[in-house]
Amino acid sequence: MINKQVPGAAQAVADVFDGATVMVGGFGEAGSPIELIHALIDQGATDLTVVNNNTGSGEVGLAALIKAGRVSKIICSYPRTTNSTVFPKLYRSGATALELVPQGTLAERIRAGGAGIPAFYTPTSVGTTLEEGKERRTFNGRDYVLEYGLSADFALIKGRVADRYGNVIYNKTARNFSPVMAMAAATTIVQAESLVPAGELDPETIVTPGIFVNRVVMVADPAHESALVAEGVSYP
Amino acid sequence: MSDTRTTPGLTRDEMAQRVALDIPDGSYVNLGIGIPERITKYVPEGRELIYHTENGLLGMGPTPEPGMGEPELINAGKRQVSAIPGAAYFHHADSFAMIRGGHIDLCVLGALQVSERGDLANWSTGGVDAIPAVGGAMDLVAGVKSIYVITQHCTKNGEPKLVESCSYPLTGPAVVDRIYTDLAVIDITAQGFQLVELSPGVSFAFAQERTGATLIPIPQDPTTVKGE
Amino acid sequence: MINKQVPGAAQAVADVFDGATVMVGGFGEAGSPIELIHALIDQGATDLTVVNNNTGSGEVGLAALIKAGRVSKIICSYPRTTNSTVFPKLYRSGATALELVPQGTLAERIRAGGAGIPAFYTPTSVGTTLEEGKERRTFNGRDYVLEYGLSADFALIKGRVADRYGNVIYNKTARNFSPVMAMAAATTIVQAESLVPAGELDPETIVTPGIFVNRVVMVADPAHESALVAEGVSYP
Amino acid sequence: MSDTRTTPGLTRDEMAQRVALDIPDGSYVNLGIGIPERITKYVPEGRELIYHTENGLLGMGPTPEPGMGEPELINAGKRQVSAIPGAAYFHHADSFAMIRGGHIDLCVLGALQVSERGDLANWSTGGVDAIPAVGGAMDLVAGVKSIYVITQHCTKNGEPKLVESCSYPLTGPAVVDRIYTDLAVIDITAQGFQLVELSPGVSFAFAQERTGATLIPIPQDPTTVKGE
């Protein structure tokens, strides 16, 4: 019988290896899998390449992972956020490299990585400094740049409800990058607020079908980043 | 930003109100962070606009009452919002398919600079030590059907933001359709900055003095004015 | 107030013009917008390029449109189906041209058309006769072909429930190509079995957000192609 | 197809049963139309396979009882099917993202011809007057992790289907991993057709005679046999 549930966050991230590329769901705090990230901090993997829209805030979740020196490179669209104090220091010191990708290009590159599309053309960034180093090509009189699919070894995802097959539904704008990241990673790990028996989720409404998910761990009452930051929490 | 303004001219809220007048009923609109967000307050009675936020919501509603918001219902500026009846949630690739695919009618953005050919610079001052952060700005200007800019006519130091050529890194070349400032409404045309309207109490000379490129006067025959 | 509802199928398709490209949802009979197609037959537009996975069956729906001589070209993956008798004759006579596209490439080309992606690379068809005339390029040691986004003037779609904003949900495997076609057409027309007040559809479960839909028409009890074919119906 | 078979050898159902033995628990599987569909009947007790059908369903279940089916719940062969508890529906672009993106573990397909380098021809006989129809076959062979072929060893006319080089148009080059016929199980290796197993009562010479290329005998040391 297929059962993708694992007992805890520690087991879920146990095999993340040094040098891995890890996609982390979330846009700001919405959809950020804080408990999985904290388990990854405890686990100790380092030299990670992290893909996320941002760089976290305060000293919890993604920001704590960066602060712990585990992230050698971050691929994101917007590393500057209120309360984002950890990344700027490491970036300026050269300790953490940055690949800046326009947000829509980032989402599409991740989807392409998951959909077996090695490369595609997009109008975004044409005529800007972010076009540098990219191939330009004209289609029907308009210029586009070539962008490459982006895959990962692991994806850490926060869902609302999941089942043993790994089917997942999300909560409002916490959905954001998670469904495409689930597609693009060799191993996709989901923390969900509840786990339900197979068949309880309406098959018409499943957002991430189980084929894209490898492990599901229940985190019934996930922390909210903004609340932790407001409380001045620093992880670990 | 403080609420300093070039006198005479519109306040930020008046600028937002002026833009709101020009957005047709039924438009799908993406509003940048800052002054553009104020537009929602001034949509004329009888018009329904649908707001898109690139982090996965179509049908964004007003800011919730203090304490009533949810940390997982936010806008692209990461502020808590609400959803109207008839809203839809979707993932980021679908959201930017709406943007890149030309499905959004209008995007209203702030600006550091706009050139007379419609180049927009609004994402970076190009500082050596700055953390570069682009977000969805380049996708929006490349994909949305119409791009309006809402901005003070000049910087706080009195430098013109409407220029012959942008000195800051571009968000996109030749993407802006129309500019709303405290002093004027200006279209980008093949000839350059075409003045459409001056704010109450603002003379052509006053606006021209504060513009870093030639302002083309409003044509005498009002029927030839390009506008909504 | 936004209200995309139109009173009937005839009004919904009234502006389809001669020479238009029309995407038609459905995979076999599942999701085929028969009433909209019949309205298009009545309307009279001709010299159409039709995009559909198949070529219809019997002499109703898409097959009837083809039989009526309105389709000068069809872009599809599988023009051979049980009871598909109309197309072979017109194809062999040269009256209807065929652009054969692998099914996954067809779906991806339509999505690309809707997503502002002018072209992308795919491994499908490399080393086959369907690669002919396509650009080949190697990424990471594997060969891919360049495929182009596909857009349309109109899409005719069958949904299950819709609202005045044009939000749509589908029925089971009747979903198939419809969501991507809705994205790729300048004017998307949906027939739905029921229309509900705005807000009645759960925003988490909407498959096609209203931004992709221009007109909605209620067809409460749509015909099923297989039933019509079994009854020997020939439209008109 | 009639149920004519080369004697000795497996029946179609026995072939399907033989394939079923080799599919690991928990696999995501796409089954071609025809003999491959019979595999579902023979999955060993205690294994759970998830069936994908490219028209938008993961978790396809058995054929419904006569009269109990729904015209909008069909498989890629356009036959009415059911959905298991835990199934999910999705659109065609997502469905082929599963295929092209390498998320499906196994696809079992029929064949017109397979070459010793694993080229598959199963979509067209190349007839001048034939209506070409490819469906999802090329996507499946290009994207799915493992491709198994299930086929009669020879055509009805006794022509070998396992050949040095396909004469029919290819579905994909070098895509087949393993072939199950009425006579044998054969792996595609760098050396060519590697015999893995002969059906009961079938001799090597009998199988080789009916194969259009060299069959590499089963190695003497069974530990070197590549297999599940």
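As written, the chains take the letters A, B, C and D, and residue 1 is the first residue of each chain.
We adopt the following convention: a residue touches a chain if its C-beta (ideal position, glycine included) is under 8 Å from a C-beta of that chain, and two chains touch if they have at least 3 such contacts.
Predicted model only: the values in this text are computed from it and were never measured.
Colleague: What's the minimum number of touch steps needed to get from chain B to chain D?
Modeller: Minimum step count, chain B to chain D: 2.
Colleague: Can you check how far apart chain A and chain C are, centre to centre, with Cα atoms defining each centre and the answer in Å?
Modeller: 34
Colleague: Calculate how many whole Å lie between the centre of chain B and the centre of chain C, each centre taken as the average of the chain's C-alpha atoms.
Modeller: From the centre of chain B to the centre of chain C is 36 Å.
Colleague: Take the average of all CA coordinates in chain A, do the same for chain B, and state the distance between these two points in whole angstrom.
Modeller: Computed value for the inter-centroid distance: 30 Å.
Colleague: Scan chain C for residues touching two or more other chains and write them down.
Modeller: 108, 111, 115-117, 122-123, 170, 172, 203-204, 207
Colleague: Two-or-more-chain contact residues of chain B, please, as numbers and ranges.
Modeller: 83, 89-90, 93, 96, 99-100, 143
Colleague: For this structure, give each pair of chains that are touching.
Modeller: Every touching chain pair, ordered by label, is A-B, A-C, A-D, B-C, C-D.
Colleague: Write out the stretch or stretches of chain D touching chain C in their complex.
Modeller: Interface residues on chain D, with respect to chain C: 53-57, 70-75, 78, 83, 89-93, 95-96, 99-100, 129, 131-139, 142-143, 169-174.
Colleague: List the residues on chain C that touch chain A in their complex, please.
Modeller: Going through chain C, the ones touching chain A are 108, 112, 115-123, 139-140, 142, 144, 148, 169-170, 172, 202-205, 207.
Colleague: Name, in rising order, each residue of chain A that touches chain B in their complex.
Modeller: Contact set of chain A toward chain B: 27-31, 53, 77-82, 87-88, 91-92, 98, 100, 102-108, 110-111, 122-130, 170-180, 207, 224-227.
Colleague: Quick check on the complex: what are the chain D residues that touch chain A?
Modeller: Touch list, chain D to chain A: 25-26, 28, 46, 48, 50, 52, 58-59, 83-90, 93-94, 96-104, 143.
Colleague: For chain A, which residues are in contact with chain D within the complex?
Modeller: Touch residues, chain A against chain D: 1-2, 111, 113-117, 163-165, 167, 183, 197-199, 201, 203-204, 206, 209-212.
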